[in-house]
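Before anything else, here's the structure in question.
A, B, C, D, E and F are the chain letters, set down in written order, and residue numbers restart from 1 in every chain.
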Amino acid sequence: MNIKIALINPNTTKSMTSRMHKAASPLLSDKVDLVSLTAPYGASSIEGFYDEIFAVPPMIEVLQPLAAEIDGVVVGCFDDTGVDALRTILDVPVIGICQAAMHAASIVSHKFTIITTLNCSVPAIENLVTRYGFDKMCSGVRAAEIPVLDLESNTTDAIEYISKKIEQALSQDGADAIVLGCAGMVDLTRDLTNKFNVPVIDGVGVAVKTIEGLVSMQITTSKIAGYAPPRVKYYSGVLERFSPSQN
Amino acid sequence: MNIKIALINPNTTKSMTSRMHKAASPLLSDKVDLVSLTAPYGASSIEGFYDEIFAVPPMIEVLQPLAAEIDGVVVGCFDDTGVDALRTILDVPVIGICQAAMHAASIVSHKFTIITTLNCSVPAIENLVTRYGFDKMCSGVRAAEIPVLDLESNTTDAIEYISKKIEQALSQDGADAIVLGCAGMVDLTRDLTNKFNVPVIDGVGVAVKTIEGLVSMQITTSKIAGYAPPRVKYYSGVLERFSPSQN
Amino acid sequence: MNIKIALINPNTTKSMTSRMHKAASPLLSDKVDLVSLTAPYGASSIEGFYDEIFAVPPMIEVLQPLAAEIDGVVVGCFDDTGVDALRTILDVPVIGICQAAMHAASIVSHKFTIITTLNCSVPAIENLVTRYGFDKMCSGVRAAEIPVLDLESNTTDAIEYISKKIEQALSQDGADAIVLGCAGMVDLTRDLTNKFNVPVIDGVGVAVKTIEGLVSMQITTSKIAGYAPPRVKYYSGVLERFSPSQN
Amino acid sequence: MNIKIALINPNTTKSMTSRMHKAASPLLSDKVDLVSLTAPYGASSIEGFYDEIFAVPPMIEVLQPLAAEIDGVVVGCFDDTGVDALRTILDVPVIGICQAAMHAASIVSHKFTIITTLNCSVPAIENLVTRYGFDKMCSGVRAAEIPVLDLESNTTDAIEYISKKIEQALSQDGADAIVLGCAGMVDLTRDLTNKFNVPVIDGVGVAVKTIEGLVSMQITTSKIAGYAPPRVKYYSGVLERFSPSQN
Amino acid sequence: MNIKIALINPNTTKSMTSRMHKAASPLLSDKVDLVSLTAPYGASSIEGFYDEIFAVPPMIEVLQPLAAEIDGVVVGCFDDTGVDALRTILDVPVIGICQAAMHAASIVSHKFTIITTLNCSVPAIENLVTRYGFDKMCSGVRAAEIPVLDLESNTTDAIEYISKKIEQALSQDGADAIVLGCAGMVDLTRDLTNKFNVPVIDGVGVAVKTIEGLVSMQITTSKIAGYAPPRVKYYSGVLERFSPSQN
Amino acid sequence: MNIKIALINPNTTKSMTSRMHKAASPLLSDKVDLVSLTAPYGASSIEGFYDEIFAVPPMIEVLQPLAAEIDGVVVGCFDDTGVDALRTILDVPVIGICQAAMHAASIVSHKFTIITTLNCSVPAIENLVTRYGFDKMCSGVRAAEIPVLDLESNTTDAIEYISKKIEQALSQDGADAIVLGCAGMVDLTRDLTNKFNVPVIDGVGVAVKTIEGLVSMQITTSKIAGYAPPRVKYYSGVLERFSPSQN
């Protein structure tokens, strides 16, 4: 059996997709194909509650036609944007990189702090911390105050700003691990781990391997409660093509 | 000063908007105008995580042009769909009927059970219970197993199914109040209150009065954290018209 | 229908009652009468657990005779003193300004810090934060170290001390809104909002409007659990006149 | 050193005080005097939020004059009525029988259910469960629907009603211990323990022994936060004699 | 790079180790070696708090000599026995099958119930639910009342007893997934999944794949807090050979 | 009736046992015998998760033969090592000094900070805080960075290091009481209480008095759930002598 995992970047920045793909590829077992996809339209970065909402339709438009051929999905955005909706239209397991990263951190540390990009993203992440059960294990969410796309264009500053927040996390929060709270930070994992000598975790790789695991075991999404297929109905107007129909 | 409150129904069912409007109107003070709006396109009812996502763009499209003239917004859907996104693009206060109803219930009772329509909506509501802090006060979320639109077409059955769940809530959950977990139940409040002699709360009226109160006091949405205006950026493709721009 | 709301100040300082009345009056709709009452005897300010207890009998003595003519009650003390007891003897809705203010703050912000007067009041307020479900949304309770009555006599100092705490709340707690944790601060709301450009919320106005809303909707206090009328019994001695009797 | 512990029954039913005294006396070490006191005026039983409030002034009136000669205080009412206020006016340790009983239960079991008298007392007890930190260990609060004073007059029925609730607790709640949620049940401990062969815990004895322990170790109430002495002030009118004064 | 994962069964029942090995083997990528180990001495099954304690020394004795050659460890017991201690003596990631299974369940469902063997194991598992943050997602822990070793000898009865509990979980707990709470149930996963058409999750496979993932990403255990290497010291007597020494 | 309480020090340092015995002895009532026991083999101090595990077998070996003659047990280590296991093999009540100290602190303060020895012990203690329900009352766990045995050899430094942490707890954590988080600090209680004028609580005395209380009341450990006697089974190899057998 071959396993095909879709890694979807909900923003339109293809270079970010490439970097995620490059980070996750070496981790996969031979029987796994990683298909990395980029939102075909929409925002070039997801920063806060508003961007989040509009990140979902392009993901659905890309993934629904692939439903028959993919075995699992990773949403490559730390807000876990659209994960709940995707779980309803797919039978295969779906995970976001935030949930995945927190699972990993909870295995190798007692407490972790999340370093994200901008202050405006902190509340959404704090809501996820509570939602996923990590209120006690998460010792803080700190913003490095660097916009998502600057992570690409200005790696030197990014490392410096993020490092400052890691220092605060270790000295003030009681954290013994760090979670990088943005898909755009995926390249920095190794350097920051070496610099601080604590686990520095990016969710992309963890998420892909988690899905590989669930698929291997044929664990699929429960269809008897909130993740049941959307009830068939007609969406009028420009949303017509998103109308949930009989599969 | 006159106050203009927008009550937006995120689904396209105009009769539901009318019923909400009719329920809320008599409650308002003289200086308040209630502008009731219906999603111009999209789904005729919001049932579960998938419908929720697509309910937001039409609301934004309707409300953004009105930003300068409205003083507050009520989202007339018990999933509080899109409330976070609306709070970012508007300075005025925004509330969903779920949060409003739970606030009211927590004032007049010790514990309340929420009766919603379908099982597929329970998880989204349970997530809101936690998000808004009512884990201890909410004694359960029960589905009457009646689709949203049947609430209109078949009131007799609706009352019967909902009554059965209220009986269970009172006898098994320790609830001393009931929250009706769907905007479509707004007409049933009075009958069910009389029948069971406990507070039966619909969020529509509460939400409208809450917004009236906040506006009177000139309390607006905080703009320094998660509800800051969306960062200006270009959304490509069919989403272009939703691109956050400088106000 | 006309609505009559009683705003009861559980301390004997009439000027404080006046200031609360003045703050709340302009907010009311035409059909609402606000009857502001002052404790006829007892303490001139409520500061801590001991004062709280003795603040309740005068409130009951004032309100019980008015039971037939009032439609709702606001307790104008941030400890929400006596609210539970008043809910048992009245059918109409009763709220304290602490619960009201936290409801408002949770609508317009992600996290709020409460600034109260004295350190000795912090524990009682922290207990209410937990009781009302705001453990995650409340980012701290800070004391400005200014006694309640000094808020009246020395507004300049009050603003300075409170401002210092607001600065700490915004820079250290991650708060994006402020709740003023004493009825005596009601006059400072507007100035502090302007100064800090974040929502600064006093509970008096919110509470009055919340009650107006509940009364409009004919939502009354549940009588089947903890807020059932007190069981009829004889209180001996000086408490005789407080004996719960058949209505 | 001799230790003098005051056990105060906040209701006026002297036979209940006697039964509490009789239950606790055999447990004390030789150097301990147990002074059992009955509220000199007020209610003959404490049932719900209203009775609670009026139970405090008589306790304060009895205990304050004894402040210099007593070493610790037990409040013999499962609502832990007035405990916070008493902690402010006394330096010596003060405990209520609810907190004491839950401490004991958490040592000898994994989960306990509390059986109290009437439904109207359940909410107050549930609030205490949260306040004291036992949300996870307390598997339920059940009312036997027997008024407090009937526990004295009709022991046979009391045992039968309480036994029915214990059976439910063991079979449905997953409880492996029972806490008796009313001082009036103190006599039933032994019989019910034998009948059900699980720990059945009354708080009176535990509370007295806990205070004995704290006093032996010279552990006194912290005076730097919420339990600081009440600020000196004048209470007007009938409350004058309760005015907090310089000690 | 080849990855060597140790799956340690802390009890001495080799057939259980074999069944776990057989279940996990097909899931692994080519570059992974799974070394399955059985406790060389001790108990034939781990049932409750007492057995747990004695399950740890044999695991340590087996794993410490392999420290240099293994890349990660799975503890094949649902109590996650000894996981904390193993994390201190190994730099490589260590997980128990309870934590792993709950992570998986939280991805594919809204709420899960755990079905374990005996009532005496429920409290230890409930403690883990809280420890790992799944209080809200875990809808119950139910005992099938079948001893661990009977799972092997009497599969027919096991399936029947477990099925009965699954039925209760789905109809009464609101669960939409099931976690099998004993390593000995590993063989039943597929049959029960098919029978109930909801995710039925055994932790063995998930744990092994989780470790494979963490190792691929070179994520190791944090050594700056609770999982720091044990301080070097001499253990006297029969424990001498367990003395933590300089590596 | 005479009461015999075993105080077991799970490490081999006899001087620490002596100091605990000396601290607890004066507190006991005449009818109580305190038998202080030292682990006959194992580690000289318990510091972190690894030491904890190996501290349990010697305690069991010492206590099991005494089961018939002792009435209660105190585990004199702040990690409450082995308490769950001991509760299964004994019918009499068993408490650790961590749980006991937190119970005491919650009676005389609003919030307490725990000062322990080394950073590596903080996570285990934080887990206990959650386990016992003190998440809200415990305002922090701070390490004085002094190894356990240095508490004996270098009291001057110990007091200085611990004092610095107490200062931080009072000024930064909002604590109004201190819990000493290591049995080796038992001698410092009085001095630190006097120095800081807040309750400084060591668990040894509290634990012994708590057990005295439970025994006086004939409250024993529940045997119907997690603390049921270990199921009879054969432990092979060096663990044979620990095999749970029929009593």
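Assume a contact is a pair of C-beta atoms (placed from the backbone, for glycine too) under 8 Å apart; a residue touches a chain by one contact, two chains touch by 3 or more.
Everything numeric here is computed off the predicted structure, so don't read it as measured data.
Using the contact threshold fixed earlier, the set of chains in contact with both subunit A and subunit D is B, C, E, F. Of all residue numbers used where subunit A meets subunit E, over half belong to both copies. The two sides are thus made of the same residues. A rotation of 120 degrees, rounded to a multiple of 5, brings the CA atoms of subunit B into register with those of subunit D. Between the CA-based centres of subunit C and subunit E the separation comes to 51 Å, rounded to the whole angstrom. For the pair subunit D and subunit E, the distance between C-alpha centroids works out to 43 Å. Between the CA-based centres of subunit B and subunit C the separation comes to 27 Å, rounded to the whole angstrom.
Among the residues of subunit D, those in touch with two or more other chains are 87, 110-111, 122-123, 130, 135-136, 174, 224-227.
Chains touching one another, given as pairs, are A-B, A-C, A-E, A-F, B-C, B-D, B-E, C-D, C-F, D-E, D-F, E-F.
Of all the residues in subunit D, the ones that touch subunit F in their complex are 26-32, 87, 93-95, 99, 103-104, 106-111, 132-137, 170, 174, 176-177, 189-190, 193, 197-199, 201, 205-206, 209-210, 212-214, 216-227. For subunit C in complex with subunit F, the residues that touch the partner chain are 122-123, 126, 130, 135. By the touch criterion stated above, subunit A contacts subunit B in their complex at residues 12, 40-45, 47-54, 56-58, 60, 82, 84-85, 87-89, 118-124, 127, 130-131, 147, 224-228, 230-231, 233-239, 242, 244.
Of all residues in subunit F, those touching subunit C in their complex are 110-111, 136, 174.
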